[in-house]
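These are the structures, in structure tokens.
Paired with chain B in one complex and with chain C in the other, chain A is shared by the two complexes that follow.
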Partner chain A sequence: MSLSSSLISELQQICGENGVMTSEVDRQNYSYDAAVLEPTIPAAVVRPNSKESIGKVISLCNDSGTPVTVRGAGTNLSGGTIPNKNGIVLLTNRMNRIIELNETDMYVRVEPGVVTADLAAQVAAKGLFYPPDPGSQAVSTIGGNVAENAGGLRGFKYGVTKDYVMAVEFFDALGRKVTSGSKTVKCVTGYNLAGLMTASEGTLGVFSEITLKLIPPPAASKAMMAVYDSVETATQTVAAIIADRIVPCTLEFMDNFTINAVEDFANVGLPRDAKALLLIEVDGHPAQVAEDGERIEQICKKLGARAIQVARNDAEKDKVWEARRAALSALARLKPTLVLEDATVPRSQIPAMVSAIEKLALKYDIPIGTFGHAGDGNLHPTLLTDRRDVAHWERVENCVADLFDAALSLGGTLSGEHGIGIAKAGFMKNEVGQSSIDFCRTMKAAIDPNNILNPGKIIGQ
Partner chain B sequence: MSELNKLSKSLKEIENQLTDCMKCGMCQAVCPVFKQTGNEGDVARGKIFLLERLAEEMLTDAKGAKTRIEKCLMCGTCAANCPSGVKILEIFLKARAALTEYIGLSPVKRLIFRGMLKHPERMDALVDTAARFQNLGTSKADPNQGTRCSKLLSGVIGNRHFLPLAKTPFHKTYPSLNIPAGHSGLKVAFFPGCVTDKMNPEIGKAVLKVFKHHGVGVFMPKGQACCGIPALASGERNTFDTLLAHNAALFAEESFDYLITPCATCTATIKEIWPMMSEKDSIEKFRAGQWAPKTMDISQFLVDVLQVAPAQKSYAGSHSIEFAGDTVTYHDPCHLAKSLKIKSQPRDLIRANAACTFVEMAEADTCCGNGGSFNLQNYDLSKQIGMEKRQNILASGAGTVATACPACMMQIRDVLSQNHDGVKVKHVIEIYADTIKD
Partner chain C sequence: MSLSSSLISELQQICGENGVMTSEVDRQNYSYDAAVLEPTIPAAVVRPNSKESIGKVISLCNDSGTPVTVRGAGTNLSGGTIPNKNGIVLLTNRMNRIIELNETDMYVRVEPGVVTADLAAQVAAKGLFYPPDPGSQAVSTIGGNVAENAGGLRGFKYGVTKDYVMAVEFFDALGRKVTSGSKTVKCVTGYNLAGLMTASEGTLGVFSEITLKLIPPPAASKAMMAVYDSVETATQTVAAIIADRIVPCTLEFMDNFTINAVEDFANVGLPRDAKALLLIEVDGHPAQVAEDGERIEQICKKLGARAIQVARNDAEKDKVWEARRAALSALARLKPTLVLEDATVPRSQIPAMVSAIEKLALKYDIPIGTFGHAGDGNLHPTLLTDRRDVAHWERVENCVADLFDAALSLGGTLSGEHGIGIAKAGFMKNEVGQSSIDFCRTMKAAIDPNNILNPGKIIGQ
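The block that comes next holds the complex of A and B.
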């Protein structure tokens, strides 16, 4: 620990004695997140309780050159919340108030520490809808969702977090309050800083308030499961549905490995011999739902689905989604370490990406279960390993690098929803080129001259 | 560091289980303690990380880690919701034993566990004496609950509202029983548990009344000891081993079809912890393994085995007097709902009493905050969690809250008593027994 005692006591004056943690145990407890990466122990953990105290904490850190890593629930999979040595972790979970839920103008103003599922539930209770639903929404916070531009199962039709951010208020590296955006649907006042801050992973500022767009919930929905004897026909179906100009709210893919893992674990009655499954849901106006549902059924049949199971009621719909919900748990129980990737391709390239993943699993002799959001090109090839097995782990790292190359060669991207953090910072150049990184570094240096805001993330040091 | 090396070695036993945690953090969504504190060290992921660091000798403050690892209700909610299926309770029990062996037991705990709990006859004598003098220095807290509080002892017990010790404990009225099977053709071993014995003997009596009504034979050996979970949860494995050996020898004296308790915690301990934590290749391990499938909570036994079903008859024809016209809600004890997945049977048992109407409360299966010794060590936190339970009980509008764990009853009684709420606290077996004529 290298923070001076005067800095600690100043932090205590701002956040209260309980708002600053410096014991070895507490510091260790904030040295990691959900990414499979080495922990780094911070010098202190600070929990501000008000907007003003966020500004004061940052200002102190800037003056003393202390790195600040903001943390909501620590569920990100890219190491974005792994702190810096001698730095502090700034926890947002005491800032978890919903400031205003405006039903008339359909927006909500929140503090960054509000848990996503809590927000979605409160919004739903007012007859409105906040669609982004990251897999970790039961614990993840809105601040983290915006900082990582989190996605979810509904991305295909409803987009991701960035599509709902109307305005932001944040503190910059010097501790000054900055606002951008508005409660209005239209707003072109100056730079789109809300856009810049989204997916910035805590490297450009610290959120103190976020305004999110709400929409009316769909009136009806219909879910179905299509069973395939070949991965190719399943993935071609995805492309065909999109080509037919139908936009399901959810279009999920599951390969044979994952199907069997789910069956072993949850015994939900999936066909073990199926090579792939598609889980599809359409929503909207009842008439549209009925029509889209029928057209999708026809497309599935035409492209060779062995069977199509349409849910007739809520219980059956729940059954369709039970399989998908169980996927991660089922895979997680097979091996100690799970590397859940999210390299993403244009939707038309899904068949090519799935086949590339299958080839890599054979090449490196690594079990890979693939499931995920086929509708938006965001698959989750999940590598099963044990990080204690050095040789195997090395193969996993090489395999992941090849996965990234495969996605990029198909016109895709390194990350669809998990972010870059420190896990993928080294691969950034392959996607955006050195000059883009230089541009980002120049911008960062200008607004964070002492490089205190989550240094090392996204663009490296 | 060489000392730390010893601890690291003893944690190796659970190292493989620790690795199963993928740090996804989903345990944060369901942990009652984390909900109150928001501290990573108070949730399973954080505790497991600390244990990993101790095993790797990357953390020097073993004492600090122990404090964190003990700050847990052991409610098992995280384990029930863990995507990776990490055996969290087993990890924590084994880790607490290893840490206690390394750091030692506090003098107070040593006195309680080794001096008293370990010796059932000494414990009974002490409780007898305490029962006789307990009115000195305590005063009535809430007449509805029959609770008392103590200014004199507030330094030790805080402002708790507690039920006084029973004037006559259950084992004084029924030192032992050996009744042959009646018309059911079944004989059960009966383990009343400490809280039933010393504080709520009426629960034990209700169980016996029900057994008699259904023609169930009862074997209840004399001199039963505690199931051992309080000692084990504090890392005192030696006392646990002694208590298990003592009980295992008593219950081996007679054959029985089922082993029944009216306490969710005792049931889960006997069914799961006894086989898990008994010494390898020991006679206790063998017996515990034999008994585990036969061990049942009283409501599961009545509903699943004896086919007691919700009442069809109208309230007018009901014998029940105490619950006539009453609305009853149910709190799921963690050890029953989370560990053993028993949720419908206690509700069916309440519904079997035609005189009362069952209503579901919100968040019926969230922990009441008792957590055994958690309540002793973290009373303020325990009470905060309990107050949320109280809100849900009151919001249900029920006149009676029933549960299936005497420890939960203590906690719920305390939080209701603190506010002088007029809601009655009952064990489900009391509600069912009330339908049977004496």
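The block that comes next holds the complex of A and C.
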């Protein structure tokens, strides 16, 4: 810890004594996030409890050149919330109120620390729907979701977090309050800072309020599981469903390795011998659901699904999604270290990407469980390793680099939903080129002249 | 004209002799746009015909401190394409190719000068759908649509241009090529510059390529016209439809003044004595369309519609929308000067906003025809005047300022879809506050250090 005692004292004046944590154990707790990266112990953890106090904390940090890493639940997978040496972590968990839930105009205004699942539940209780459902929704926060532009299982039909951000209010590096966007569904007043701030990983400002679009919920839904004896036919089914212009709300893939990990972990009755599963849900008007469900069943059969199980009720449907949501935890048990990737390709390239992943698993001799949002071209190849095994870890790093190359060569992108953070900053150039990075560095340097807002993330130092 | 002959010669080397226009008449032609503002005659009009030439033109302008105003069709309504003195207009109309229309992955890559309606038609011919339909779509360009974040009639259900921008490639003020976004439906690789560039009105860069999302078209649709003897019941119907969680693709309003202007102009058979009309279209699965249509009819009746005419075929449907699309031209005939506003409110505030417009028309004794996207809270009160009549014009300016105040006091915004440009730059502060403008000015100054990219727009000088 190396903040001056006067700075600590000023932070305490702003946030209260309970709002500033400086003990060794507290600082250790906030030194890492869900990414497999070296932790960095912050100098203090600060918990503002009002908009104004966010601005004051940032001003203080700017004046003293103290790095600030804003953190919701720390569930991001790219090191976006790993703090800087001598920096503070600005925790948003005391700012967790729903400010306004407007049923008539279908929007909700929230503080950044609201938990995603809590928000979704409160919105659902009013007969409305907030679709984005990142895997970490039970603990993740809206502020973090917007900062990372979080995705989830429903992206295929409903899009991702950015598609629901109507307006933002944030404090910039100088502690000034900035607003962008509106409670109106159309707004072109000024630069689209709401767009810019989405996915900016805490490097351009700290959210104090976010306005999200809500929509009417679908009237009906239908879930099914298609079982395959071949990975290839499963992935071809994904491409065929999309080519047939059907828009499921969810279209998930799970390979044999993942199926068995899930069964070992949760024992939900998945077919252990299947080479691959597709988990599919359609929603909307009941007639649309019935027709789409029927068409999808036909496509699955035609392309060689060995069995298709349609959930007959909510309990069976929940079981399907419980299995899918258990995938990460199930794989995580198998080895000391798990690297969850999310390089993403155009949807039609899913068969090629799965094939590339299989080849890399063999080439580097690394167990890889692959599951994820096949309908979005957004798979999660999950590498199992032990970071303490230097040789194995080096193979993992090389394998991941090859995975990125494979995705880019298929017209894809480094990250579909996990962000760049520290983990992928070094690879950015391969996708967007140096001049794009230079443009962003120029912008960041002007907005944050002392480089205090989450320095080193996305565009490097 | 005050560009040096050596600069003109260099521009000719880049764009060819036909690519640089310097005659008085050509420069006059590009001195104004669709906004009611003083024209400014540019020093030259330049038409690059390749990506590389865009970059070279900008570099040249940056080195010589020459302002560049990029222009598609100049249909924007806020002065965003009025050039600067001693500056050039960079016309995109030679860059009008569709680079790739990918049916499988449902995206299209275009050059910025592609005409919106041409794109929509080519997309439709492949069985896909590009929803944004700004009023000027017959001539407007995609580059302009993205630069303005153009809206249109289908915003209620399908959103606006920004909801379809997957990726952009642009040249920045230094002539560097910058890319952001992906052909994948999920992408969080780097700052969301695709979001930032949308609605930036040519002030941060010049597009060289844009990737747009396409969707499957709706299977069915149904259009109807509801006729009202009272403005109030018409606007209450809008609120009731939304409150009932129905999502029409289009929900348009037209007042008596506009109805009669349209009849005088196009003679399409609208009821001249109606106080207001709602023009409504629902689309989607046939069963959904039938049910939504039925529910809307019931709501219209319940709230006092005197008649409801459902289009029985495409010809009748086309007639309804022809009438709506004629509104602006019809009103434009009546007086020498037409001021088309687009201050926007949350949907539920439409009755209050229409009432506020009526009061202002009386207060300032100005004829105002009101029509527009009621379902988006995005009305177009259209003030008829003669700019040469100094006293009347002053009343118009005061009335417009009051209109903005009314929208803001109802929780709305200065502009739903027309942009800020020069016309509304002075009002920005009332909505977003000075610190938000300062933030944007800092960003712009860093990205465009010589202030050559469309200076003066959005955030003033």
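The criterion applied here is as follows: the second predicted complex is superposed on the first by the 461 of 461 C-alpha atoms of A that agree within 3 Å, B and C clash if a C-alpha of one lies under 4 Å from a C-alpha of the other, contacts with A are read in each partner's own complex, and residues count from 1 in each chain.
Everything below uses one rule, namely that contacts are C-beta pairs under 8 Å (C-beta built on N, C-alpha and C of every residue); 3 or more make two chains touch, one makes a residue touch a chain.
Just so you know, these numbers come straight off a predicted model, no measurement behind them.
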item	value
Which superposed partner A:Pro42 touches (first chain B, second chain C, both, neither)	neither
Which superposed partner A:Pro351 touches (first chain B, second chain C, both, neither)	neither
Partner chain(s) touched by A:Val139 [first = chain B, second = chain C, both, neither]	first
Partner chain(s) touched by A:Gly151 [first = chain B, second = chain C, both, neither]	second
Chain touching more of chain A, residue-wise (chain B, chain C)	C
First (chain B), second (chain C), both or neither touched by A:Leu328	first
Chain B versus chain C as contact partner of A:Gly369, first or second or both or neither	neither
Touching partner for A:Pro455 - first (chain B), second (chain C), both, neither	neither
Chain B versus chain C as contact partner of A:Pro131, first or second or both or neither	neither
Chain A partner contacts - residues on chain C that touch it in the complex	102, 104-107, 127, 148-149, 151, 155-156, 160, 162-163, 172, 176-180, 182-196, 198-200, 215-216, 239, 242-243, 245, 247, 284-288, 291, 344-348, 373, 376-378, 411-420, 424, 428, 431-433, 435-440, 442-443, 445-447, 458-459
For the chain A and chain B complex, residues of the former touching the latter	23-26, 28-34, 36, 39, 47, 73-75, 91, 93-94, 115, 117, 136, 138-139, 328-329, 332-333, 336-338, 386, 388
Touch list for chain B against partner chain A, complex	16, 19-20, 22-26, 28-29, 38-41, 46, 49-50, 53, 59-61, 64-65, 67-68, 83-85
